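Take a look at the structures below.
Two complexes come next, and they have one chain in common, subunit A, joined by subunit B in the first and subunit C in the second.
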Partner chain A sequence: MGVTVLQPYPMPENKSGAHIIDYLSKRLLSLGATHAGQFLVDCETFISSPQPHNGTPGRAVHVLHNSEYPASTFSIMDSGTGKQVSLVADSIFDLLMLKMTNTFTSKKQTKIESRGARFEYGDFVIKLGSVTMMEHFKGILIEIEYKSCMILAYCWEMIREMLQGFLNINVGKDFPSYFAPQTIMTPMGQQQMHAKHNDMYEPTDTVKQYLEQFTNYRKHVSMHGGLGGQQQQPVHMSPSPVMGAAGGLGMIRP
Partner chain B sequence: MSNSVNISVETTCEKKIREIGYDGTELYQPAPTLSESLAKCAARIDFSKTSLDDLKKEEKTAAAAEEENKDGTQFQESLWPWDAVRNKLKDALTEICVLSDVISIAKDKRYLVLDPLLEEGDDTKPIVQVYSRKKAISQAAQVLLSGAERLRNAHSEQRSRNVSDFHIELLRLRQNWRLKKVSNAIIGDLSYRTAGSKFGMSGTFEVTKAEEASDDDSAISSTTSSSTATNNGMQMKASSALRVIVPAELQGVAYIKVITQKDQEDLCTAQVNLMGHGPNITAQVGVWQKTLEFAQNVLFCKELFAQLAREAIQLQAPIPHVVIGNQIRATLLPNIQLIISLCHSTTFDSNQPAPINDHDHVLEHSLHQLLREVHYKNSHHPFPHPASAPLGPSKKRMLAGPMAADRETLLDMTKTQTILEQIIAQAQHIFMRKRTQYVLDTLARDVKDPQIVSHWNAMNSPTMSCVKINIVTHGYDAIGRTSLVIHVKERSLKCICRDGRVMRLSYEPQELRDLILCQINSHQISCLVSLARCMAWTVLSNSNHLGIGKVEPLGNASSCLLASPNGDRMIAVQIRCDPQIDVKVYIARSPRQDFFPSPLVPEKLWENLGGNFKEVKFDKIEGKSFLNKMEFLMASLTSNTA
Partner chain C sequence: MDKLNCALTAVKNLRSNVRQCFEHLADGTDGEGVEESRNKFVHDFQEKFGAINSQLREVEQLINGLQVPPTAYSLGNTAYLAQETSQDRQALYPQLVNSYKWIDKVHDHSFLAFNNLNQNTLRRSYNYCSQKRPRLPFSSFNNDPDHIDKLLSEINTPPHTSYRVFRPFGSNAVAIVTISNVLKAAIVFKGVLIEWVTVKGYDEPLEQDDLWAESRYEVFRKVQEHAHSAMLHFFSPTLPDLAVKSYVTWLNSHIKLFLEPCKRCSKYIANGLPPTWRDLRTLEPFHEECRNC
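On to the complex of A and B.
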């Protein structure tokens, strides 16, 4: 279990998703990586049933599974203000959510998943995932994990080099948006810049990154009119990091 | 003026109709006159009700008579309504007159005296009471005495007897074993089922009264014993001890024998004990308790052996395990075998000779403990016991979900070791430990110069032990000491030296020996360096691995070059550990003795360049140990001349 970074792959216009995946797998295999099974990360969203009247969107609970942690279910609750509360639970949590149908309704159309092959290359674990939402292909998401390190700041350069090497794309020098320094409220009540790339990495960070990317994909779809007539998402889940109460961010509406 | 209103008051009762004429006129019965009504009321008075004695009798007779003469009296009533009244009044008057006569006579006190009744009747009552009570108490005493008599008889009978009562024995049996009454027979259970065992063999035994007459009822099977069991209900005065009948396959004595054997690959000499059925019932081994305990032990050993045999067949080992009859052979290390056998003797013979090979009691006990651990895990589930999740996973597995454990961790949790694997690991470790001890002890005995001191840890696990080895030279402990720690595992050793080097050795004893010899080698040189510093000699150079001379199996020579305090002497030491420690010492003097100016090197000053090294007969030097000799050598070569 080490530092994991998600990298969305920019899709060229004329190529299909399967073709890209094939091309990247060939590159990895020729590099010397070994194919080691499949992986799946999926996300289901539950919206709180009685919608509040004053126009603020209801609370959303995202339930995610990661095949890398098969015994656990992750859930992130998004209140309307942009604050996220995350939970790691046993797999039995899914059954609990089934019982909560009175308070939370599941929006089946927004079930999104990233599925694909898993490669092991020395200390790296690289996953090539094709993101699909209700059988519609959305994009390609690369997940790279460096198993020997627990702090991003120590190994970001190496990960970046690895990504640039086999993906042949330009990866920015800055830390990914999830790890960017954020303003948080200390317990003393002051605002402070908190550098997430110096923290110990946790499995919930992987899942939160996935949620961020999935949200982007959903928004991307709803901004571009959507495929297959999906309804617009109440975008209360802001992809930007947690902001303090003093610096509240308004809702981003497409 | 108010006009008064006339209010008419009429009775509700109408007159009875006596006759209705043909023309419709109704003739009413005239209402009874006052005298008639009085007569009616007077006739209703029953004077007989005043006397209590005649009340009941006369009521009955009067009631009977009334029934009969109802018609008659009604007839007579109209004629003489006052007749009965008159008669009764007459009687009453007669009695009153008599009463007044009696009273007047009694008042005269001449012919009739009225005396109060004496109290003598009361005096007799307490005595009667006492008599009656005495009788009652004596009757009660009789009852109690007869009961006590019976108890005393029973007690004296019991004491006089040698054979104990069936029921007392049954009570004691019940305190130790689980018994159940099924129709007429008493069935007991001596299996480990309630302790968590899942073995198929049933461990039921039967409890019956032992027949005193016939001892060799060998044909008693469970069906016929039920007939003898019907006697259990009766209270038999000539009571006998109870007998337990255990199933045929559990009779006798059994134990598991574990032997580690060396260099015997000969399979045809393996003893095959066929566990046949011996005689049906062996002689009772002492009391029933011992019988039952032995039978339970037999069941336990059978279960253990069955489990081991099953695992031996299922496991894939590099050298496959062999199961023949009641023996399991497993290979621990090359040429070393572990033999687990189930010894079951149905004829109990207390003069049995001790087995020839002495078996490993520690491993046998370990086997018993391992099976008990399996039983325990079957019946005890680790906490927490959740209401909504499966029961059984360990605590680590329960926490794996909320702690986001990854796939490797989860896979590790699923790996379990079977009993056979565990016992093989333990046996291997015991063997490695013995071997390591042997190597260290022989080395300590053979190598006298630096002393090898080994400290074994008192606490160790069944599959790992640790030993700390100190190499010191006697007398020079403060100068230097080489220490290393050896972790003895099942098939390998791991040595950690003081400088942090970690070396992994295999099970060959020679590797450990070589390692210790190399450590002795480096110990000598490092102590010499420290000693030279104490003696004010300069260490010019030292090396642990020179790379000179012929190739040796144990690494190469280590060396040290020392210079005296005023530089006129040099000592060169070379230590090899060929098969033994071999020390070579050379000394050189600085102004050469054998310098002669030649045309090529004319100046005299070149004599200071240093002479040839000459070997010292090191074993002839005085000194107890290498360091001692070196100290003397250095002392003798130190000169005061500047």
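On to the complex of A and C.
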């Protein structure tokens, strides 16, 4: 396990997703990468029923699975105030969520997933994912992992060079938006800027990045009215103000 | 069969006689216009020519006496050669050429390797050293255990590097070096000489009971390879303390393993690997492919 970066691929107007996946796979293979199976990351969101007597708004719990960690279920609780609580559990957690239908109801129409081919090149693992929501194609999400390094600040330039190499697009020099410095509360109650790119990387970081990207795709849908009519209550899916402001394509700067 | 043998011998004799005759002609006479030697030369030639003639007749006779054999001769495996007459379809020729080339190459390489090994200065056996300086006291491998502790603590370590020394093999020490959050290396000492180095990733286990397993990451396997060649480079049985110090300094230069681009091509990645080689003197990073060009 090492540092992983998610990079949305800007979709050209006149090309289909399959065409671009094909093009990128060919570029990877000619670079010397080898095809190493498939992968799948999916995300389902549960909403708690609002409690009118004390005015608590509905909370969202995102349940994600990553085929790279097949025995685990990742869940991220989003209180709506920008604070996230994440939990890694065994895969039996899914059954627990089914038991809690009284409190948490699944929003089936926002079930979103990214699946596709997995490539290996040296210590790099590259995944070309097509994002689909309710069987509708939404975009292309490239995941690149450098297995032998644990800290993004050390190997970001390497990952960037690799991305630019096979994607043939310009990737900004700044760290991806997920790793941008955030204000956190210290145990002493003080606010402090925290640079995430110097932290040890953990599997939950990958999952949180996926959630960030999935949230952007979902927002895109609701903005364009695709499923907007079916939303019944306000859902706070933006994990933090920083991420929300940075936006989905924050990494690609003109 | 006898007849055939006789005929073959006769042909052979004929050939050798003809050759002798031509050699005789080519040699010429020795003197300049000496009548005697000239006569002798002509006489010799005539004699030889006569012999050729008689042998030619003999060959003709023998050949005429040959009969078509009633059954085919048993020629072993070579008989199969006649089965397929088209040379292209036998595909023997390219194979022969290939094997010839290979043998040639093997010969060349073994010759070079032999030469290199003969003048190898990296021989690490103590006997070898003792032949050269028989009376030198070998402090390098017969040392008190505290010395290595002292040596490692004396090394001017950067704050990001930590050492853990333990002795699983009696008095010989093993030092586990952790360089920042980048890599771990186990240095196995024999006295003060470095015997072996294992390099692993920061998230991989490197414990006392598993010092020899290779890293699961390609980059650290490559770094270990380079670490071994550097170990041979810095090896010096006469100044062991200095050797260890310079080696550890070299190893510490890997702190920027993923951070620095190659000095020659200014790229980070070549063949899926970062610049894994550190120059032995300048400590500059290079790709394995770039370091020699």
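Methods note: the second predicted complex is superposed on the first by the 221 of 254 C-alpha atoms of A that agree within 3 Å, B and C clash if a C-alpha of one lies under 4 Å from a C-alpha of the other, contacts with A are read in each partner's own complex, and residues count from 1 in each chain.
By definition in this document, contacts are C-beta pairs under 8 Å (C-beta built on N, C-alpha and C of every residue); 3 or more make two chains touch, one makes a residue touch a chain.
Not measured: the values here are computed from a predicted model.
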Consider subunit A as the common anchor and indicate whether subunit B and subunit C clash or fit when overlaid. clash
Of the partners subunit B and subunit C, which touch A:Met150 in the superposed model: first, second, both, neither? second
Contact breadth on subunit A, by residue count: subunit C or subunit B: C
Just subunit B (first), just subunit C (second), both, or neither: which does A:Tyr69 touch? first
Between subunit B (first) and subunit C (second), which does A:Thr204 come into contact with in this model arrangement: first, second, both, or neither? first
Quick one: is A:Asp123 in contact with subunit B, with subunit C, with both, or with neither? Answer first, second, both or neither. second
Going by the contact rule set out at the top, does A:Gln213 touch subunit B (first), subunit C (second), both, or neither? neither
First (subunit B), second (subunit C), both or neither: which does A:Thr4 touch? neither
Taking the superposition on A as described, I'd like to know which of subunit B and subunit C A:Ser91 touches: first, second, both or neither. first
Interface residues of subunit A shared by subunit B and subunit C, listed 1
Footprint of subunit C on subunit A - complex, ascending: 1-2, 32, 121-124, 146-151, 154-155, 157-158, 161-162, 165, 200
In the complex, the residues of subunit B that touch subunit A are 388-389, 397-398, 400-407, 410
Using the touch definition up top, name the residues of subunit C that touch subunit A in the complex. 181-182, 201-203, 215, 217-220, 257-259, 261, 267-269, 271-274
Sort out for me which residues of subunit A touch subunit B in the complex. 1, 68-74, 88-92, 202-204
